[in-house]
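Paired with chain B in one complex and with chain C in the other, chain A is shared by the two complexes that follow.
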Partner chain A sequence: MRRKKPQSFNSTPIKERLIIPRQEMPEQDPLQRSTNFLEVNLGLTPEQAVIEAQRCIECASPTCMDGCPVSIKIPDFIQLICKEDFIGAADKIKEDNSLPAVCGRVCPQETQCEQVCVVGKRFEPVAIGRLERFVADYAMTHGNGSAKSTDKPKPSGQKVAVVGSGPAGLAVASDLIKEGHEITVFEALHEFGGVLVYGIPEFRLPKAILSEEVANLEAKGVKFVKNFIVGRTMTIQELMLDEGYDAVFLGLGAGLPRFMNIPGENLNGVYSANEFLTRSNLMRAYEFPEWDTPLYRAKHAIIVGGGNTAMDAVRTAKRLGADEASIVYRRSEEEMPARNEEIHHAKEEGVEFMNLVNPIEFIGDEQGNVISAKCLRMELGEPDDSGRRRPVPMPESEFTMDVDMVVIAVGNGSNPLISQTTPEIETNKWGNIVADDDGRTSMDGVFAGGDIVSGGATVILAMGAGRKSAAAMNEYLKTKVGSQA
Partner chain B sequence: MYKILKAEFIAPNVKSFIIEAPLIAKKREAGQFIILRVHDRGERIPITIADSNTEEGWINIIVQGLGKTSAHLNTLETGDHLQDLVGPLGLPTHIENWGTLVCISGGVGTAEALPIAAAGKAAGNRVISIIGARNKDLVIAENQMADVVDEVRISTDDGSAGRHGLVTDVLQDLMDEGIVPDMIVAIGPLPMMAAVSNQTKEINIPTMVSLNAIMVDGTGMCGACRATVGGKTVFVCVDGPEFDGHQVDFKELGMRQKMYKKQESESHKCFLERQMKKLKAEQVAEGV
Partner chain C sequence: MSLKEQIKTMNMDEIMEMCIDQEQQAIDLYTMARDQAKDDGARQKFQELIDMETVHKVSLRKFELESYLELPPADLKVTDYLVEPILSDKLTTQEILIIAAKREGKTALMYQDLADHFASDKNLNTFFQMMADEELRHKHDLETEYENEFLQEG
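== the complex of A and B ==
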């Protein structure tokens, strides 16, 4: 379907647009920020945002939207920024993405919208992510535009349970509340947001932003219930049969940390990234003893892995006061799955990168505290299944280094809680819930999306899966009414 | 917020709480636990559910004030509220008719062993309870235990109640009398469970222990509660909390329990200082 081109509010001639430099986002100074947990990126100024928006050349067939998992109307919102209608721009984004302030911060735009931006073919792409972040924050500090709207949809009389308050669940809640369904979001932990709260650090995504997004959904009528573990506090069957929920969405996340299965992994001071980050983020261990939850403060911390989670963990370790915080990664920087921005920020903050190194054993003292790591140096061989060159140990390369904290950030498996308690729902050999493209599981009325289906992925992909499920759930609910009438 | 319907000390430093939690009460089975937070800056700690009542919608937990959080919790009174409460967590105890079931418990573990002993009795077992404590004041739940089992035997470290000695001595007495347990459940401090497991391994009596590990989320997400059982890493929160005592690496678990000893005492000290200040302020206020 061909979209109507948005009205242009940019009077700068195309040729001149191309010579405008991409606007850099102000950041906290690296030396200063590596000692605090305040947000690193400070956001574009309104002037910068308008200049950046003017870099868009208004292509006849824009490709940016194809790069977005939720197809935000990027050309439209950029024109609204040119017009300086920032609230209007935020509303335009919210038509497709209920969490723009979150996605503007944590989406890997460089491999999505910005990667396919036409300007980016010859110049630097339009900074779509920074613009999204700017208008979302602007709207938040200026009354939130449409969030204040009071026109509630006609109640459908149908109830939907959303299990998990992470990105997938919030997307489903946001879409289905608009359809007049009664929505309850169930969360196992004591704060809402799932991985956005326990996984992503304050310095990358301030909690206040997330609370605001949750409050917006509450204002629209979504009910939020914390400390409720579906499968334990109540099963899916009980929700549907006893509590009258007509449909259930499972957005449980990939909540089972992988370890390396090497000797010494249960020593004190060896953490999964989930535990390390949860202690720091959800439990605010960086404010110990004002907050009760403790966390190791290391002299030399190593973080095993090369993804965004590893970057979050290593930057957290640095902020907790580690003299040395190092990434230990078995491939080279080129293969690192982490965003370039995160790698760049980590380096600026003094993080050391030990690439082509793989630990094979952790060694402890008599009290069981980790004191050193035995490692091998690696080289890259033939490509493996992932298409990346396989790391192979180099002969006689073993070495030992002193470490007093280790964080294992090598990915997540699927949490077994639902499959333990609801065998009706089919799972695959990795424990992921089997769902079709629209999120339908093997149990009638039960949908699933996000990491619990795909395995560990990104916030925006989880939101995209949530939106697809929401559409299918809405259809399902309509049919259900039809069949009951 | 979760209302405390009743709070009372049942032994020095040991407090029993009846907490309003209708959903947990309805679902909970023997051996399961909850995770709670005392206040809005609090840590998450796991506590085994000792009892519950579906009609009245409450659960009962027994807390020994050892560290900062349990000490803080034990300052709460009837009518106060907990910040957070979630459960029931963990797998329920596997109960069958083994024949003779011996429930060995130490300290507040007796309150936790109570539902298992009762379930064991209901399944048709002859149930003998062995309760161990440092002294007679610390023997708890003796009468409730006596109500549900066939026989209760007590040991104290100082001989102030029951046999002078350890629970392992009482178990030896039993066997010397010709009573051979078909199944043993041991719940209490780690050294006690390790000693019992050690003793029963030699004579090949199946022994189940309920492990108490440091936890954060309690749903398998973080892995803080890992233990080694039979050479494999398990997560106590979702794979347990009960395991074959003969397979547990108690030494490792003991070291893991002490992981935050330093921070824990720092936190406890801060708490006590705050309590002292509060007390002094109250005294001053009363003086005026």
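== the complex of A and C ==
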């Protein structure tokens, strides 16, 4: 069915819209921000947001929505910004995305909605992500509009357990509470948000934003339980049989850090990115001494990897006071999976990039503290399946450099707790839960989505998987009622 | 005594027996690991390796070359510098891949030594060169899988 075009509130002729420059988002000065944990990007002003929205040419067949994993009605919310109805724009986004302030900050829009924006074919694409962030923030600071509505649907009498309060779990909770089900979100840690809170630093995603999003869900009736490890505190079977949950969603994420398996990885001063970032973000080492979490201030910290996690870690190390903080990456910058914006910000903040370098051993002193890294220089060979050129070691290229902190950011795997305690749930050889496109697992009534199924991916992909599962769970619950009637 | 020197003292039957024994050792090792593995994924991975080594053994018995005519890909050396995990029933898929890739690399060296030893015998030289290439190809496949899954750098 053809989608109805939204009402236009933009009187600027198309040709004139195309010459409006893309609005730059104000940000903290690099020198200043590299010593604090305040948010780097400061957000568009209302005037800038309206100008940016006016760049949208209202395509007859907009492609931007196809690029969004949760199919936000992008043309509609942009027109509401043109009308200066910012609360209305936020509500429009929330029809499809329960975490717009989060996604507006951490989504890789340049490879999603903005990549397929028609304006972007000849000019810079409409800054959809910046607009999403602007209206979400505006709604938050202006009472959140109708998102604060406490109108509750008729109770269905059915209970759903959501395991994990990361993006997939929050998306499921948000969709299913609207259907009248009783939703409880179980979180293993002492704060809600999953990777959004333990993985992403304050300077990229302030915790207050996430707390507000969680509070919104609580206001709608979602119950949140912290310090509850499903698989230890209670198993899935116990939740369903003893506690009466009719369905369970597993959104546990990929929280098991991977190491390189090279000699010296067990030395003091060698961290996984998970541990390093969790200590800083969740355990608030960045607020030392107000928060009493120790985290070493390095003379030379190297972060091994080239993804967003590596960028978060290296920028955190720099802010924590490292004299030098370097990225050590096996490939060249062109192959880096991190967002361009994060690489750009890291460079501005003084991070050194050692590309085409791979550590092969960490060396320690007599006390077991890391003091140097033995590395090889690499060169790029043939492209791999992802199209990235594969790095191969250069002969006789070994060298050693002094380091006193190493953070390994080469990826994460699935926590094996659920597969160990619930053998009924099929997992693949990598330990990820096997689920169909709608999130159904091999156990009746149990659904799964996000990184625990796909392996490490983006926030919005996890939310997309959560939304699909939520729809399938709702159908499952209706059928269950029907069969019991 | 190095393998190269050992080969000089062996007749053809002993050499073939050594090669088949090498493949059988790998099959036994992976079968034991599969049966002991507590994780579904690890069991699947070990079964794949058993199937692969069984094909090698059959090739040696039949002295067949037909299936091995592709040139070997570049040696990625992804696992060359990694610590070899100790075999146990709690191995992860990552550790299994390291063990297997290192083993394929060592077996490739054995076949390369044999190919060099039979440099003047075209048939034998070609056969062992092909076997060496086949082992290198498997090392490449295992290291590619390792790289794709465990070096995402995300």
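Following the convention adopted for this analysis, the second predicted complex is superposed on the first by the 485 of 485 C-alpha atoms of A that agree within 3 Å, B and C clash if a C-alpha of one lies under 4 Å from a C-alpha of the other, contacts with A are read in each partner's own complex, and residues count from 1 in each chain.
Quick note on the criterion: contacts are C-beta pairs under 8 Å (C-beta built on N, C-alpha and C of every residue); 3 or more make two chains touch, one makes a residue touch a chain.
All values derive from a computational prediction rather than experimental measurement.
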First (chain B), second (chain C), both or neither touched by A:278: first
Mind working out whether A:293 is in touch with chain B, chain C, both or neither, as first, second, both or neither? first
Let me test your reading of the model: by the given contact rule, A:416 touches which partner, first (chain B), second (chain C), both or neither? both
Applying the touch criterion given at the start, work out whether A:456 contacts chain B, chain C, both or neither, answering first, second, both or neither. second
Under the stated touch criterion, which partner chain does A:368 make contact with: chain B (first), chain C (second), both, or neither? first
Does chain B (first) or chain C (second) touch A:233, or do both, or does neither? first
Indicate the residue numbers of chain A shared between its chain B interface and its chain C interface, in ascending order. 261, 416, 420
How about chain A: which of its residues touch chain B in the complex? 188-190, 198, 226-229, 232-234, 253, 255-257, 259, 261, 265-266, 268-269, 271-272, 274-275, 278-279, 283-284, 287-295, 367-368, 415-417, 420
So in the complex, the part of chain C that touches chain A is made up of which residues? 38-42, 44-45, 73-77, 81-83, 85, 93-95, 98, 144, 147-154
Quick check: in the complex, which residue numbers of chain A touch chain C? 258, 260-263, 305-310, 329-330, 336-337, 360-361, 376, 381-382, 384-386, 390, 392-393, 409-413, 416, 419-420, 426-431, 455-456
Would you mind writing out the residues of chain B in touch with chain A in their complex? 23-24, 27, 37, 41-44, 68-69, 83-89, 216-217, 219-224, 226-228, 233, 238, 252, 255-256, 258-260, 263-264, 266-267, 270
